[in-house]
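The structures considered in this document are given below.
One chain, chain A, links the two complexes that follow: it is found with chain B in the first and with chain C in the second.
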Partner chain A sequence: MKKKSITLFGMTLLFGMVLLFSGCATYSTQVDNTSGRPSVYVQNDSTGPIAGIGIESQDIIGMTDKMMRDMFTYPILTNAGSPPHVIIDSQYFKNESSSRINLNMITDRLRIGLNRNARGRMIFVGRHFSDMVEKEKKLKSQGVVGGGTTPHASKTLGGDYLLGGRITSQDAIQQSTGLTSRSTYIMFEMVDLQTGQIVWGGDYSFKKAAADDVIYR
Partner chain B sequence: MDSNRLLRLRFVIVPLILMCCMISACGTSSMNQTIKVPEAQMKAFLASKPEALHPVYRQLRVEGERNRVLNCMHLGLNAMQLGYWNDAKDAFDHALNNIESVYADNKQAAQSRSLWYEEGRKNFKGEPYERVMAYYYRGLIYIRDKDFQNARACFKAGINQDVFAEEKKYQADFALMSYLGGWVSLQLNDDYLTKDYFEELKKFRPDVILPKPEDNVLIIVETGKAPRKLGDGVGHWQLKLFRGKNFKDKRAAVSVDGGEKISVYPLEDIYWQATTRGGRQIDHFLKGQAIFKAKTEMVGSTLTDVAATTMHASTVFGNSSSQLQGVGAAVGLLGVAAQLASYNARPEADIRYWANLPDSVHTISLNLTPGTHQLHVEFQDEHGINIEALNQKIEINVPETSSNLIWLRSMQQIYIKK
Partner chain C sequence: MKKFILATVILVLSFLLTACPKYSVQEGSFDPVRIRDQNFPGTTIRWNNVSIVDPGIKNKIFVETTNSRRSPTGTLEVWVILRNRTDYPIQIEARTSFYDATQAPVEQPTAWKRLLLTANSTGHYKEMSATLTEIGYYHIEVREGR
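This part shows the complex of A and B:
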């Protein structure tokens, strides 16, 4: 009889200990990221560890690459008798979407990529540097500084074509599931600055959908 | 130790162990866990920050990811009020980046759904009205920087945060965002978008006076104090919102250069926006947890009573008393286990809130001649009686070519955690 009671007591004790430890385990998790995380390089042409439904780096890279490839297939731009002067400036890009974005990220990447690959077939006008160019020309004309290697170029380059564009988006949210989707459409158009004719157009669109954890809905 | 002594002590040791279980489980709350940042590291972090913002910057470091968005909201609004616009911009960018990140398969989120963790354990993203207001303030900073396109992106994204209301009529009805979306579209000469926003606005505020293309000053006046969140019901599972307290300012009026007094249109009631959201999906989890807590408490209490009675009764059963005591102990153990589960269940709703938000936002769009003007802002109570102590006189400069945003609050509300 005593042996039975002792066994019963032992089991009670054991069970109690299990509960004790499980009780402790419930709150053992400390604040995450106590020691921080070291900096790591992350691929910018694929979805990173932090993602939403807006425009992200991989979208900018994807769209600018596509636009560049497309533009090089247009003879009017790449096989003209004399290389056309092209202006690409964020001032002529419009963001009408619900994504906050620095438009320079798009226009800078396009201009740099096109300029590098055009190899003289297109000439890009740095209109965003015009203040600096005019200031330098003034110094040259006043004789304050030398003429540089092209002393006879009296006028700043004018543009033959200007690249403009617009970003628009349409959001949809399913209240019951919290699923949010954003369809983003980005269009680019190259306009002839003499005639207003649109000589090239390209677009890029994507749709992303995601739902937050239920605790955030 | 001989077995008889051990048996005698069991009635003391077993409850003692179980009490330890309960105390250890309940004693540590995750709510106030902080990161220990070495003082030297903290000083280096704060060195480049404005001194008036140090308390919130300090809190930002110490409270880590869980409260990062909330602290950024407080920091951003503190910085705006004190004129530290770059700090405000960074803080709201950070808050919005977190709000826009999708929290799927997130560890803290999963824990918050669990029976054993309070909702407040999750990383704070705010209720929809708080998220909308983060977009609103970031949008105002974009307007100040003359980046109207990104300002519009903020107002548009803010409207999208307001679609989770249970009742359809309250979905995406944040008139303030439609007004500002229309106003920035007007500045950008985007006629079709201006029309869209203002048509949407008129659905919610048919009496609002729309900004005109020739207007060059937008005055935004904020009054009152933030809606408060409190937990209600068994285990405080139910999130309840209450209007902010200790303020009388409900209305505003302006006059320019001593001219006619014009009422500023009460465009948005933040408390109303906070309360028309209706039930949240997480409420179903929390309610279930609260029921579990109440029921296990009741079952546990009943079982321990039965166990005590069995133990006492066992003494009259002679040879069978030990076996009955064993049964009694087992039932008692189950009872305490149930109570333990009840104590451990955490149905509390998350009641963290953005404490320095206003109660209402009022707007007026004016056409003033370029140059310097004296703006007098009068704050009034709900009966229209002037609250002189709050009145403000400021000098505004209207530029020749672009529009000017004047953002005012009835009182400075610098948030410092108590």
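This part shows the complex of A and C:
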């Protein structure tokens, strides 16, 4: 009986070992189990590792910074008796260039930069949030919600000045080499909403050349 | 015994002498070195001045002059006139940092602005502060445009 149980134990052990070793058998897979190239942070105010001929982050930062600082030197905008109401959004900012770009990247950055540094010298009207404001005012007037803590205003702010602008470009391609150059011109103008007078203007231009294999999305 | 001592001395001397030619001379710009003395000239920020922060163009462009003035609204306008001393065009970038009277930074450094200096010519870089009268000092940095 004892001999039989030893034999059974031996066989079980052998079976277990066979199972274990058969697990070690090589198998093939299509998975490339190597680490990929890690994503890295790069400076957004300088030319990065991927650069083409379009409008890039350093251009957006450069142009909005230049326009903001220039606007602050105009007394009509920043030294007026009462701070002017200014509307800055992409509604009247047009892209007629060959470059693909989200225009809000320019107008948002400009508005934020101006608002942070104006410190009350200019008042910015959030016309792009007007539906949100009207909805809340309606709820307040219907008594659905309370009145809030800020003073009641019967009307939302109207604008004194509105920013308009346009991006234009001209491309040149050398057929033999594929070298492409693009001259880009971006203009900004502040328009008086009473008279239509253009009270301020600024521009930013550059020309880039490359064998363009970069896709902007 | 004497022969053994003599052989040892010769061996040590030969080691010493072969080590001597292996010194190197520092050429070009020097790496930054931390100096404890706060008043040591050249280690602190040179206020209202220009620094060429890129060793690659240190001996290629020269600062002719720099100055500042108030704009009609009270912001500070600063400028620097630079000269390209080479026979080739050079692209450079410059930015300005503004500080208050206590030398504390009052706004973000400006965006890098690109300048193209043609061969042997001068060019100027101009920048405005965004804030008003609190500006006391400025510092302009220049690097090679890439």
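We take it that the second predicted complex is superposed on the first by the 175 of 217 C-alpha atoms of A that agree within 3 Å, B and C clash if a C-alpha of one lies under 4 Å from a C-alpha of the other, contacts with A are read in each partner's own complex, and residues count from 1 in each chain.
Definition applied: a residue touches a chain if its C-beta (ideal position, glycine included) is under 8 Å from a C-beta of that chain, and two chains touch if they have at least 3 such contacts.
Since we're looking at a predicted model, the values are computed, not measured.
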Which of chain B and chain C A:N79 touches, first, second, both or neither: second
Which of chain B and chain C A:M190 touches, first, second, both or neither: neither
Which of chain B and chain C A:I215 touches, first, second, both or neither: first
Which superposed partner A:M67 touches (first chain B, second chain C, both, neither): neither
Touching partner for A:I50 - first (chain B), second (chain C), both, neither: first
Contacts of A:I87 with chain B and chain C, given as first, second, both or neither: neither
Contacts of A:M122 with chain B and chain C, given as first, second, both or neither: neither
Chain C versus chain B, contacts on chain A by residue: B
Contact set on chain C toward chain A in their complex: 71-73, 75, 77, 93, 107, 110-114, 127-131, 146
Contact set on chain A toward chain B in their complex: 1-2, 4-6, 8-9, 12-13, 15-17, 19-20, 23-24, 26-27, 29-34, 50-54, 94-101, 103, 171, 173, 175, 178, 180, 210-217
List of chain A residues in touch with chain C within their complex: 45-47, 58, 61-62, 64-66, 68-70, 72-75, 78-79, 113, 117, 119, 206
Interface residues, chain B side, partner chain A - complex: 3-4, 6-7, 10, 13-14, 17-18, 20-22, 24-25, 28-30, 33-36, 64-66, 96-97, 100-104, 106-113, 116-117, 119, 122, 125, 138, 149-150, 152-154, 156-157, 160, 163-166, 171, 190, 193, 280-282, 285, 322-323, 325-326, 329-330, 333, 337, 340, 344
